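Input: one structure, supplied below.
Chains here go by letter, A, B, C and D, matching the order in which they are written, and residues are numbered from 1 within each.
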Amino acid sequence: MLDLAAIRADFPLLSERVGGTPLVYLDSAATSQKPQAVIDAEVEFLTRTNAGVHRGAHALAAEATELFEDARATVAAFVGAPPEQLVWTNGATAGLNLVAYSLGNATAGRGAPGSARFALRPGDELVVTESEHHANLIPWQELAGRTGAVLRHIPVHDDGTIDLDAAASVISNRSRVVAFPHVSNVLGIVNPVAELVALAQAVGALTVLDACQSAPHLPLDLPALGVDLAVFSGHKMLGPYGIGGLYGRADVLDDLPPFLTGGSMITTVSLDEAEYLPPPQRFEAGTQPVSQAIGLAAAVRYLDAVGMPAVHAHERALEARMGDGLRQIPGIRLLGDAEGVERVGLWAFDVDGVHAHDVSQFLDDRGVAVRVGHHCAQPLHRRFGLTASVRASAALYNTPDEVDQLLDAVAGVRGFFGAGA
Amino acid sequence: MSGLESLYQELILDHSRRKVGFGLADEEGRSATSHQHNPLCGDDLTVRVRLSDDGETIRDVTWEGAGCSISQASASMLVELAEGMPRAEASALIDGFREALRSRGTIELDEDVYLDAAALSGVSKYVARVKCAMLAWVALEDDLARA
Amino acid sequence: MLDLAAIRADFPLLSERVGGTPLVYLDSAATSQKPQAVIDAEVEFLTRTNAGVHRGAHALAAEATELFEDARATVAAFVGAPPEQLVWTNGATAGLNLVAYSLGNATAGRGAPGSARFALRPGDELVVTESEHHANLIPWQELAGRTGAVLRHIPVHDDGTIDLDAAASVISNRSRVVAFPHVSNVLGIVNPVAELVALAQAVGALTVLDACQSAPHLPLDLPALGVDLAVFSGHKMLGPYGIGGLYGRADVLDDLPPFLTGGSMITTVSLDEAEYLPPPQRFEAGTQPVSQAIGLAAAVRYLDAVGMPAVHAHERALEARMGDGLRQIPGIRLLGDAEGVERVGLWAFDVDGVHAHDVSQFLDDRGVAVRVGHHCAQPLHRRFGLTASVRASAALYNTPDEVDQLLDAVAGVRGFFGAGA
Amino acid sequence: MSGLESLYQELILDHSRRKVGFGLADEEGRSATSHQHNPLCGDDLTVRVRLSDDGETIRDVTWEGAGCSISQASASMLVELAEGMPRAEASALIDGFREALRSRGTIELDEDVYLDAAALSGVSKYVARVKCAMLAWVALEDDLARA
């Protein structure tokens, strides 16, 4: 059991009041709140040790470099990886674009000789799922458009689970990449990583995991999951904006060509050409988000101190309470309401006869902050015949009481808007 | 009146259900049609205007599309307001409407001028919803520019 | 005249002591220190208003969106631009890569019809200068490598000034891009923007200005400079890490294809294709560095309050004192010691008989933090027959006294290392 | 001794000027050459080892390159240390040297074992300089792995 009162006290924003009512923040899948420890770590760095890293001989720069690399080791360990397999990015979107562009660069003949194995040929296939966040969809559309590769998708069942039979036929010898979410930000279902990895490995396709919505909520061991590459975002896991991670298998990172180029990722540069450092530096061009890396390290230390198994159990209980309550309110349709699956603490839903925007406005008035829209997953919403839904998403700092406030408020929606009350 | 009740006045909820002018009339004579999209929520609205033969007067406004109650009510109210109105006056009213909605609660719409649509003044305090209320009006503005 | 005591009191790190000696921080060209106002702006946001922007209907998200867009207007105004012509990036490196990749995407047929005018044909030329930071060199090398375009360069004279005669012959009808630094981070000379822009415009080439080292030090009006695109980094101008700006002419931004793709930059997305928002959103995929944008706005407000003309005059005086002092120390060779040019407050130099690394170690021991190495400008160092140099760079918070401490310390270097003292 | 004087002991400055073994010997018999580069400062070092015919003993070590006084002194000291040494012993000493230099001042190199190179212990407190001191040793390690 978590000591919720103690945890909540660590998050200054949670004591904010919206027009007099205390805030019920159920929008952590969009961005999480930050504990004081994260804010302090950044401020402490900026006021005491701030200096350019990896390039100075002066004492301050050396100290800053050490803190920065310690942060890498801390965050890497949080996802089960050694430090040299963690590349800093500016977030999941940046990480997924890095991978897609790097493959495009390999296709254009860039990179070391080993990069050639990643070159795409026209007709090669890139596979995603129907439940993708736009960040794990459009970069592949664009890569396909640039290279002549073909984008294919694995459908989801009506209950939101991935159609593994379809996956087995969509994934073929032509597949070069299989990209999928560990947890969809709309469905909250933990996808069957092992099965998808097995299908991809059988045909030699590269696996790319979008771990944005799992990293803050589950114990994560990326090497054990067997994926080749995985991304996550700091701001969704109690950390700062503008920082995230790309994990990669050592041999994969070794052979990928660089994406962003510039300072600090090179060995020798002439006016005509450059030679590149090994990973992770090869992928970290220019000044890195140093204070943010240190902030993210503080965030994962915070999560580790609470304990990810405990975080998951707590959020699972909130999710169950939320799901049970919502199912009992007339006119509510839950998205991804599959049985017997592992989940994180979020539910997206539709309210019969009331537009999602109106629902969230009503909830906001009652101090409950949820998200409304397509949640950057238009194809998935279309699959369910919707343009928008309402999503309530919990984090370790939410309480059963807050879930009840959400349920109370939702119960009042249809009456207020006169929708078949 | 609580914030919510000033935003969702009975008049607004009522219009959002009645949807005056819903269903596109045939294109006939001088007419124009504009399609507007709100990327935030994926809402779509199509608004058609039909003008008098000399192009100086709005014969009628019709529309179609799905959206939140604010956007639907706003379209419905606009239809009532604009019907039979001189084109130049409609353009001026659209400008005034935009100004009021962007005023963050400092400009109230005059009921004598804006009729039911004056009830949308309250939306201006909700920055994220201004776009919903504007959707139909932007579409009509677009129509008038092209008809 | 600046009130230096008051300014220094605003920067908490400047009262740090290195092994008992107060720190003389002369490495602001690498990264600047941050005033308390910047730190406070970020902390205030994170503890009171933090929420996802541009996508929520709840009150917190609406407030966050407003602050975020106000920050854009503030930073845009600082460089003389309207808000819709300022794209948030993660820094100058990210901005320059954005431009290079966007042109590559246009070449691959991506983007709206208007993008075709940016498509490169084999044999088209990309022009840079010999004084480029790697961030404004390698992205063009890679673009050339991907497209068959040819990279050419404008040499610098022995005194570091750009060879405008050579520029006039290097820039030709084949030139499609002319990229150059407003101020080189090694030479400190303000380059002749008007002349280079005129040469580029005469042949219809796109101009790309690296304003990294001018934005913190000079009054800047990018539209008045006439360049098509320009980049700068927040962390070099008193702002946070992980944030920067790309300015673009409206018609250029309108026609450039997107670079990073994902959430918040689209209108309609199907599994097969996506339609994109107009600029600046088209170039801002995924969760933006929101608190950092707000921090950067606080930084430019700070600079504006001091006044950029005053900042420039102050730094110019420090530069003159530093240059005069260094010229009098035997065995010192200044890089870019041109006469009659406008400058910012930095000097890179070589110490005869003592390796740059040893020089900076000696200075560090005396509490003077400078930078050593090639400063991400290997070709320029090679041009001067060096592999590394020592660089001292000032910002508005440095004092004449600190410059004197630098000079004192430099005067002792050759004696200590027994180099022909 | 101030920090600076422990880093730049007279012995180190002296070696950085004397440069024992500077100038590459001819490749002859069992030999290997390694080129190392420090991207931070752009320094280059080429180190050549020549072994006895049975490959068990180091005949000599020679080098070339430019760099800071730490890297130059370190190469010079390594030459003196390694000459005539059994190959396995040299490998072990390189491991111990790396460990001491990464120890942040907690491990002192033994003068009886490392001879003049023991003076480089002080470098381990300067994280940014460890790479300078290691450059020649990494090159020799690379040579031994390939010779």
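Following the convention adopted for this analysis, a contact is a pair of C-beta atoms (placed from the backbone, for glycine too) under 8 Å apart; a residue touches a chain by one contact, two chains touch by 3 or more.
Chain identities (UniProt): B, D = SUF system NifU family Fe-S cluster assembly protein.
Here the structure is a predicted model, which is why all the values come from computation and not from measurement.
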| item | value |
| --- | --- |
| Higher-contact pair (C-beta pairs counted), A-B versus A-D | A-B |
| From chain C, the most remote chain by mean C-alpha position | B |
| Chain A-chain B separation of Cα centroids, rounded to whole Å | 39 |
| Gap in Å, rounded to a whole number, between the CA centres of chain D and chain B | 79 |
| Gap in Å, rounded to a whole number, between the CA centres of chain C and chain A | 30 |
| Averaged-CA centre spacing for the pair chain D and chain A, given as whole angstrom | 46 |
| Where chain B touches two or more other chains, by residue | 40, 126, 129 |
| Overlap residues in chain A, where contacts from two or more other chains coincide | 19, 55-57, 61, 266, 268, 357, 361, 372-373, 378 |
| In the complex, chain D residues that touch chain C | 2-4, 7-8, 13, 17, 40-44, 66-70, 126, 129, 132 |
| Sites on chain D touched by chain A in the complex | 37, 39-40, 126-129 |
| Interface residues, chain C side, partner chain D - complex | 19, 354-358, 361-362, 365, 372-374, 378, 381, 387-388, 416-418 |
| Touching residues on chain A, where the partner in the complex is chain C | 12-13, 16, 18-19, 23, 25, 27, 30-31, 33-34, 39, 42-43, 46-52, 55-61, 90-94, 96-97, 101, 105, 108-110, 128, 130, 133-135, 137-139, 141-142, 145-146, 151, 153, 233, 235, 240-243, 258-264, 266, 268-274, 285-292, 357, 360-361, 363-364, 368-373, 376, 378-379, 382 |
| Contact set on chain C toward chain B in their complex | 54-57, 61-62, 65-66, 266-268, 277 |
